[in-house]
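In the two complexes below, chain A is the common chain; its partner is chain B in one and chain C in the other.
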Partner chain A sequence: MAFLELDNVSKSFGQVEAVQNFNLQAERGEFVSFLGPSGCGKTTTLRMIAGFELPTAGTILISGNDVTFKPPQKRNTGMVFQAYALFPNMTVADNIGFGLKVAKKPSAEIKKRVAEMLALIKMEKFGDRYPYQLSGGQQQRVALARAIAIQPQVLLLDEPLSALDAKIRVALRQEIRAIQRELGITTVYVTHDQEEALSLSDRVVVMNNGCIEQVGTPFEIYNFPQTEFTAQFVGTLNRIGATVRDVANGELLIDSQRIVTAQKLEGVSNGTAVTLSIRPERISFAADGRKPNGLNVRVENITFLGSIVRVQVRAGDNVFLMDTFNNPFLKLPDIGDVVEITFSKEAVLVLKHA
Partner chain B sequence: MKKFPFWAWFWVVLGVLYLFLPLYGTLDFSLRMVRDQLSFAAYEVVLRDPKFAATFSYSFIMALWTILASTLLIVPTAYWVHLKLPQLRPLVELVTLLVFVVPAIVLVFGLLRIYSRPPLALTNSDLGADILLVAGYVCLSFPYMYRAVDTGLRAIDVRTLTEAAQSLGANWLTILLRVVLPNLRVAVLSGAFLTFAIVIGEYTLSVYLARPAFGPYMQLLGRTRAYEPAALAIMSLTLTWTCVGIIQLLGRGVPGQGQLAGTR
Partner chain C sequence: MTHINQAEILNHPLRVTRTRNISWAWLGVLPFFVFAIAFLILPASYLVVGSLQDTKENFTLANFADMFQPEILGAYWLSIQVSVVTAVGGGLLGFMLAYATILGGLPRWVRNALMTFSGVASNFSGVPLAFAFIATLGRTGFITALLKTAFGLNIYEYGFNLYSFLGLSLAYMYFQFPLMVLIIAPALDGIKREWREASENLGATSWQYWRYVALPILLPSLLGTMILLFGNALGAYATAFALTGGTFGLATILIGRQIRGEVLQNPGLGYAVAVGMVIIMALSVSIYSWLQRRSERWLR
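After this line comes the complex of A and B, so read on.
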């Protein structure tokens, strides 16, 4: 049985349907991310798990217990906020020990646990400092320590790294993941940053407009997006208009050039207009020899991005991007050239229409 | 070369004279009780008067009660409004400003009408009258206390701090006492000093409730003596300014977000 379970959870604020029919089953120790654009209902869902919002419908279970209407004080969830939310009047040690003190644990035990937590976040020397004497990254580590000091059943993080600068963001997210693994805490992590979600999670829940678009491993989400939204939101996406030429053989037409998809074409007939998605990194310039899918295109723009070179090409009305790895011997076409590009049958995904 | 800003300086000097000349006059007058020399004789007379000590300490104690009552009333209220009913904030602000609309004389007659007959005949006993007085003072201090606390609440992220404490298992009382109040120390203290300054000099309420307060004593002295009231005026002014100075000082000792340096 799942450790954290959300069953058909919905939440509306008056007219606004913030979350609709949210279903999730997370295993003990799993790291799940909610990924989606701002306003899609990630925070609201997280706050319902924490008990700060009551669902309009549905149930929430933690370890088999229905907590839907339990007040937040009684849920034993650890929460980490974007704005750190450390108590400004308390030292780092008192912040970390707050939950234990409230639970009336003996002071020797509190002291011991606080010391453990400080060691865990590698801030042993900072116990006597006040929050305003710490950098943003340090404050967030203290907030993390404070949340896990109470040994929560579920750890909830709402965009914990958004206020930090890029370098610290990457370092701290690895640290969060390492601590989470070490302690085996079931974790829900909210972010609008796809890189964060993909690099950290066991599973990613992609959300849009209060609904789940797709749930899957980072690998599945990135390589096999099932909806147009997921494909577009996660990674860079080429959306290409095409018409079905032959359902049985998976043949399609792009700008009256024939290509083939490995995907089974279902629910369409010959002549139906469909939208395809191809990741930029799956496309390359056609060398001589066998080409599964060849397409003649005109080069419109070339952008040098360091390790990769991004080329914008056009076929009829379709503009799309292709990425090639940079190397010193790379021969690039000129803007305006007509070249042939190629991609595998498997790279061509036909998107479900919402 | 820049022209000397004559008119700017003219207005500044005029303003300073307007404010400080009368003050200087009072000060000078208060020092001339003994003919042809400057002395603190008037101050001595005032300080020796047992009624001075009695009324001042009475008002002092009433001020403390007022501060306690208004803190207990306003901190939880302002906190709750911030957290749960932010849309009501303008309304609450309006309510606190009512004291400026309703004159103290109206307030005190209202109190007298209601509380001088059963079932709540508070004016018949000293304790009852003291309670009425403090209640009236709480009303008078309302706008100042509320403003101070409201500003303090705005300086910290109350909502998130509350939620953080809740998720750590704290109940409302714990949150109020351990999280909210300590972070409002500066705000409550500034409100308290303003309240103190108001209560010490207050006249109307205490005179109509017949309380032995400092305000009526100052009035009485003013009507019957010459030099002593001037000395008293200078003293109470100094007291008020000291209060204001302390508020300023407290405000300055705030590094970052509403942090009192002294909490260390």
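After this line comes the complex of A and C, so read on.
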């Protein structure tokens, strides 16, 4: 039985359906991310788990107990907010010990737990400081410590890193994951940052317009997107117009040039126009080693992005991108050159709703 | 090691000569300084000098010694009583109104209406306010008459008297609570929804949230504003004078009597009592500023 279970959960605000028939089963200790654009319903779903919003329909179970209509105080979830939400009138130690204080735990126990938490977030010397004396990253670590000090059954994180700068974001997300693994807390993490979701999670729930688009491991989500939205939202994607040439053999035409997909073509017939997706990093120059598919294209632009070089090419009306690792001996074509690019059959995905 | 002497630095072609240009922005604040000097610094200095002179303009400390007369101490005490009662009463009423409209989830128009009313009412004092109260709650006032004819209730028979401590406090409350609403509103706006949610998430009840989070955060603003209301009432003169005809022994009325020369003129004593008031006001404003700074640090 799943530890955290959302069964057909829906939420409406007046006429607006914020979340529709949301189903999720998370195992104990699992790290699940809700990934999607603003307004897709991910925060509303998280707030329903926390008890700040009541579902219009459906049930929420934590460890087999129905908490759907329980108040937030009775759910034993720990929440970390986007804007930290530390109590400004309390020191770091008082913030961390707040949950234990209101639970009327003995002061010796509170003190011991606070010290453990400060050690966990590596802020032993900051116990007497006030939130306004801390940086954003430090405040968020304190917020995390405060949330886990009460030993919650489920840890909920609502875009906890979005207010921080890039470097701190990367460092802190690794810290969050390490702490989560160490304590084994079932965690739900809301983010619109695909890199964050992919790097942190055991599973990712991709959401759009209040609905789940796809649930899967980061590997599945990135490499085998099941819907056009997932394919577009996660990672950089080339969307290429093509025509089915031979359904049985998976043959397609791009700008009259024949390519083959490993995917079984279903619901289409010869001559049907479809949309293909190919990740930029799965395309390479044929001169570096040929793969089953080859296309002649014209180079339109070359952009250095540090560790990779992004090349924009054109085949007829289709403009797409290819990424190649940068190295000092890399030989690149000139803009305007016609070159052959190549990719595997598995790299070509025919999108649903094409 | 290369040594560069001072002359080389001064004669270096890249040396930038900085000339201090006076900003035109000073021109904008010039009226403020002129106003402050003319109507604050000079009168205050005049008061201090006057309080240290006798009727023949000789230096004396007798005016300050005379302040310990029972009549003057009584006037101070009465002024402080009226100020405390109206600051606490107006403060609590204003806070509850502001809380209901800002954090209570009422429609936005209620807040707008309250703010507009408060803006007007907090400046409605002096003779017009006294007249308004006489016209409504005086012996023949509109409300008094209405209560008598509609409900057979004569409030004056039940001990109410507009020209008493209670009546004066009621009149003061009219401008005190709107001032509280105006000043406490930004502090209430600064209370974040996430604080309540975080405390609930950590298991706190509504009472515990108020006890440990909201009230301590609001307390500096609340106390600071009440101190400001205290100062506001302490310095009020025209309302009390117009309402009671100068018979109510507040410190401000006493100062007026001494300076205008009713009964026994002693401007020096009047100035000394006024200096005492200025000191109390200055203390109030200092405590208010300190509490506000503390509150702002938390709410930013």
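Just so it is clear, the second predicted complex is superposed on the first by the 349 of 354 C-alpha atoms of A that agree within 3 Å, B and C clash if a C-alpha of one lies under 4 Å from a C-alpha of the other, contacts with A are read in each partner's own complex, and residues count from 1 in each chain.
Going forward, a contact is a pair of C-beta atoms (placed from the backbone, for glycine too) under 8 Å apart; a residue touches a chain by one contact, two chains touch by 3 or more.
The model shown is predicted, which means the values in this text are computed figures rather than measured ones.
Novice: Quick check on the superposition: with chain A as the shared anchor, is it clash or fit for chain B versus chain C?
Specialist: Here chain B and chain C cannot both sit on chain A without a clash.
Novice: Taking the superposition on A as described, I'd like to know which of chain B and chain C A:304 touches: first, second, both or neither.
Specialist: In the superposition, A:304 touches no partner, neither chain B nor chain C.
Novice: If we overlay the two complexes on their shared chain A, which of chain B and chain C does A:87 touch? Say first, second, both or neither.
Specialist: Touch status of A:87: both partners.
Novice: Would you check which partner chain A:79 touches, where first means chain B only, second means chain C only, and both and neither mean what they say?
Specialist: both
Novice: Tell me the contact category for A:329 with respect to chain B and chain C: first, second, both or neither.
Specialist: After superposing on A, A:329 lies clear of both chain B and chain C.
Novice: Using the superposition on chain A as set up above, list the residues of chain A that contact both chain B and chain C.
Specialist: 50-52, 71-73, 77-79, 81, 83, 85-89, 98-99, 102-103, 132, 146-147, 150
Novice: Which chain B residues qualify as touching chain A in the complex?
Specialist: Within the complex, chain B contacts chain A at residues 156-157, 160-161, 163-171, 174, 178-179, 182-183, 185, 255-260, 263-264.
Novice: Which positions of chain C touch chain A when the two form their complex?
Specialist: 192, 194-195, 197-205, 208, 212-213, 216-217, 297-300
Novice: In the complex formed with chain B, which residues of chain A make contact?
Specialist: 50-52, 71-79, 81, 83, 85-89, 98-99, 102-103, 130, 132, 143, 146-147, 150, 156
Novice: Note which residues of chain A are touching chain C in the complex, please.
Specialist: Spelled out, the residues of chain A in touch with chain C are 50-52, 71-73, 77-79, 81, 83, 85-90, 98-99, 101-103, 132, 146-147, 150.
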